[in-house]
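What follows is a pair of complexes built around subunit A, which joins subunit B in one and subunit C in the other.
For the complex of A and B:
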């Protein structure tokens, strides 16, 4: 187990380096620059700005400067939000995104696994078909539809929850965005759980467990569920990273001050350091969650510990 | 005292009776064997009354005087958890993979309301089934154990709650000959404590030693029953006789084997190793310094227990598996490494594997499965010539041409293995590699497959490399034998003289287990 952990960490470093290098170069290759606004800028001001941010240096030198900053935990200054460093922007957005994503992930896992369990025990029956149709629907409908739909129903028509805003993490404000973000992931988890259980329940060891006179719920929860969740674990790695870092649409729909907004705005403004900072954070989180998924495999099925 | 009494038992599916009017009784400490070929309904008979199959059951099955037929599912569960234990054919998959051995045993123990077991209780339980390093085993996951060890743990879990009846559904069919004998001995010892045993098998002679009475089933009906020795010695029914004779026996006269030509395939100093499972460093030497030769038209048997390296060696010399060191030559010409085997070499030797259904693509029709090697190894062949070759190969394995459009899932085990053989011979190979090709089949089917291969051997002068744990079966096709143990060839020679005078202890054990 520790060997796996060390091996994964050792490969994570070059992966992250490659992400930094590639996204740095790709940003520079894209047409336009941070100071190409709609209003013409005085050439002298422009030159001064370019010089101040070191954008007149040759590319390798810019890169060195950036990497040097990274090593000290400094993501550089934002080129557009002039009074903030990228570190400030991430520090303000990350807690919002983590709260939103973490809650949505928990909800999605609970909903999805429960739905998968219920459907699998009634395989082929009406409950199974209705649940699976609902799960497919949830995965198919994009969040920019479910988000506003939830707002229309629960905020505007019923008045149970506020329409939008963060309000310092007030639970009432969080409810709708968390649900909207969780639903499609819950649908996918439900379908994967159902499929995994259907395969596991056909295996010999399940028959042996039944033959030992164990109760059906014990067979399901103790003997079948864990191996059935292996596909869920592989889906959860990238899904979790995505939910925690960039619920871009949801953050926009509900006007939440999370990271996703910075990502979109940064790209549109060609705010190189901001986009790079968010990309690197995103990559690091994906690596982290894939590592957690690997550890989860080992727990779900000891044969995978190698 | 009668423990289990079955009377007029019928199981049906969709209105069709699968087994009907079955009756037998088992007393305390007795063993009754239900014997029949695949599809004769013996598993249905032993599992359906306990609610382990979702099929309607009629008649009567009384366990310790309580009627099982018509019992509610919770009561049936109670009966399974308290009064009966079950073991199944596949030891490798019978245990839950993510729960440690000790935890699974404790669960079975507590099931019967005996409270939480102490560790010493579990140790005693594993001792009873003859497992070694018992204390260590409790904390291991099932995948760390070998097939024989897992079957012992499965038996321990089945008797943890001290049942009155143990139902064993083909408990030894997946084990090699030596393990099979040991497992039957173990089941016999368990009876000394008064346990009643219902033994299900397709192998009549091997269970006859253990059973008090034998019930023979054919097509869902009892066609013969009586004391084991009587049924074995003086079977009244032709089907029973076929079952007895199908199991090959070392006392039979040796078969007439085809003449042998010049050396075809020679292997010298072959070594194969694999990374040690679960460790980062170190390798397991699966085959060490193996040297052997197969002549044209000759059958060579590679015999050994599970894990002796026999399959690894056969695959290495047929260039289907990795090879670390050594040389394999075809008629004096050294064969290239596995990845660089050309079409010209590949079609010379073709394999047939153990599990026919697993080796056939479920999404392909029989016709396409058999045509595939031709498409790759004889690309010049016209579609018409290819179709003719496929039809001829299917005819050679005595397959009905109507089956050519079927999918593997709709074939029986024997039919599927015939398709696999047709696929192997369609390229006109000179050597057939049979990797446990009959081990998953029941005795009757296995016997027919061996006869079929013997015919091909005579007609085509086909050389055969037969990997098996069954000495008596190997003898039907092979004039020479190489015995393997722990990755090494420990004995080679002419089949008859090795059987008559086994030199190595492993060979002696194999010969004894096959008698």
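For the complex of A and C:
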């Protein structure tokens, strides 16, 4: 296990370094700069601005300056929100996104595993086929369709939930975005759980557990479910990535002040330091999630601990 | 649950309608009918109504589907070319080269794709060409893995060894003997890549980072429909429903082909 983790860390650190390097260089390659507005700028003002942001330094020096800042938790100034640093914007957006993502991931895991359990115990039956079709449907429908569709049904037609907004994390405001974000991941987890369980239930240790007279639910939940969840654990890394991407849309649809919204605004405004900072943070989060998934993997499957 | 022929038929119907129908409609997708602003469905001239600036929704939805499908096909082809080239090279050469090349794939797998594509959009401006090049460039990883596995298995086959013994140059063996044998599997994964690409394209367009006006795509239409849904919900449900139908049909077809070839 430790060897596996070390090996993963050995790829994760260079990957993150490569992300930082490449995205930094890409940003500097971009035609047109942040000060190319519609109004012509006085050359002296322009030179002063370029100098203030360090854009007149040679590229390696800019790079060093940026990485040095990152090490101190300083993502540099935002070029559009002049009164904020990128660190301020990330610090304000991250809690919103983490709340949203954490709740959605929990909901997706609960929904997905339950659906997979029910389907696998009725493998081949009508319930199984209906559930699995529903899971395929869930994975195929993108969040930017489910989000507005949920608003249309539950907010506009039925009036059960507010249309959008954050309201300081009020549960009623959170319900629809969390559900919309959770559904596709729940579908994928449901499919994986069902596939894993159906295979595990045919194995010898399950038959012997039944033969020892253990109750069917104990066999299912303790003996079969745990090994069956190994593929689910390995999906958690990609699931986290999916959540982050989904959150970009969901935060836009529901007007939530999270990281994803800053990211989209930054991309539309060509606010390079903001986009760069969020990409680096996202990459770090995804790598972290892959490591956590590996840990979970080892806990679920003792053979991996070696 | 699903009739075996249904996904293929629905998909063909959508593709045909998107290709053939728009010229037959009374209004073009980008022409404004000042008398028909927010026309409800079944209005004269606007079978499915018109949007907030009087553009025909049926024409817009069909042209949007056309653009979405075209971008998806082009991007999937880019991913096919990169994936097959990368995977076949790694699988054929083997050893250290293979390990290094697959290490690169593993590292890229860990990256947030969507953000890389958005980064590319921000840097190089938003053009439709870049949309599919960018998407194709990040969606080739699975293809590379699958192709590599297939090539490694084929490399040990007697007919390949015989070709080598007969002195055929490696390039010829790979293109004439190996690649034709992996065409089926590659096609299955190509089919599964298309819905992924459709999803990414509509996602980018939804956020305003993909296809730009006056050209339209299903993602843009969903976005416009979502902005207007309190007044005309069908403007959201039509393009959304069409997009979902395309995604489901492609996914079902791809999974079926993959499972058949794996069995």
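The definition used in the following text is that the second predicted complex is superposed on the first by the 280 of 306 C-alpha atoms of A that agree within 3 Å, B and C clash if a C-alpha of one lies under 4 Å from a C-alpha of the other, contacts with A are read in each partner's own complex, and residues count from 1 in each chain.
Criterion: a residue touches a chain if its C-beta (ideal position, glycine included) is under 8 Å from a C-beta of that chain, and two chains touch if they have at least 3 such contacts.
Every value quoted in this text rests on a predicted model; they were computed, and no experiment measured them.
Undergrad: Thinking of the overlay built on chain A, is A:279 touched by subunit B (first), by subunit C (second), by both, or by neither?
TA: Once the two structures are laid over each other on A, A:279 reaches subunit C alone.
Undergrad: For the overlaid complexes, name the partner, subunit B or subunit C, with more touching residues on subunit A.
TA: C
Undergrad: Quick check on the superposed pair: does A:156 touch subunit B, subunit C, both, or neither? Answer first, second, both or neither.
TA: It touches subunit C, and subunit B stays clear.
Undergrad: Could you tell me if A:233 is touching subunit B, subunit C, both of them or neither one (first, second, both, neither)?
TA: neither
Undergrad: Is A:302 touching anything from subunit B or subunit C once the two structures are fitted on A? First, second, both or neither.
TA: First partner only, subunit B.
Undergrad: Considering only touches as defined above, state whether A:210 meets subunit B (first), subunit C (second), both or neither.
TA: In the superposition, A:210 touches subunit B alone.
Undergrad: Spell out the part of subunit C that touches subunit A in their complex, as residue ranges.
TA: Result: residues 1-2, 103, 106-107, 110-116, 118-125, 195, 199, 202-203, 206-209, 219, 222-223, 225-226, 229-230, 233, 236-237, 240, 243-244, 247-248, 251-252 of subunit C touch subunit A.
Undergrad: Under the definition above, what is the set of subunit B residues touching subunit A in their complex?
TA: 50, 52, 77-82, 85-86, 88, 90, 93-99, 107-108, 111-112, 141, 143, 154, 157-158, 277-278, 280
Undergrad: Given the complex with subunit B, which residues does subunit A contribute to the contact?
TA: Within the complex, subunit A touches subunit B at residues 3, 203-205, 207-215, 222-223, 226-227, 300-303, 305-306.
Undergrad: For the complex, which residues does subunit A have touching subunit C?
TA: Per the touch definition, subunit A meets subunit C at residues 11-12, 14-15, 18-19, 23, 26-27, 29-31, 129-130, 132-133, 136-137, 139-142, 144-145, 147-149, 151-152, 156, 237, 241, 244-245, 248-249, 252-253, 263-264, 266-268, 270, 272, 275, 278-279, 282-283, 286-287, 290.
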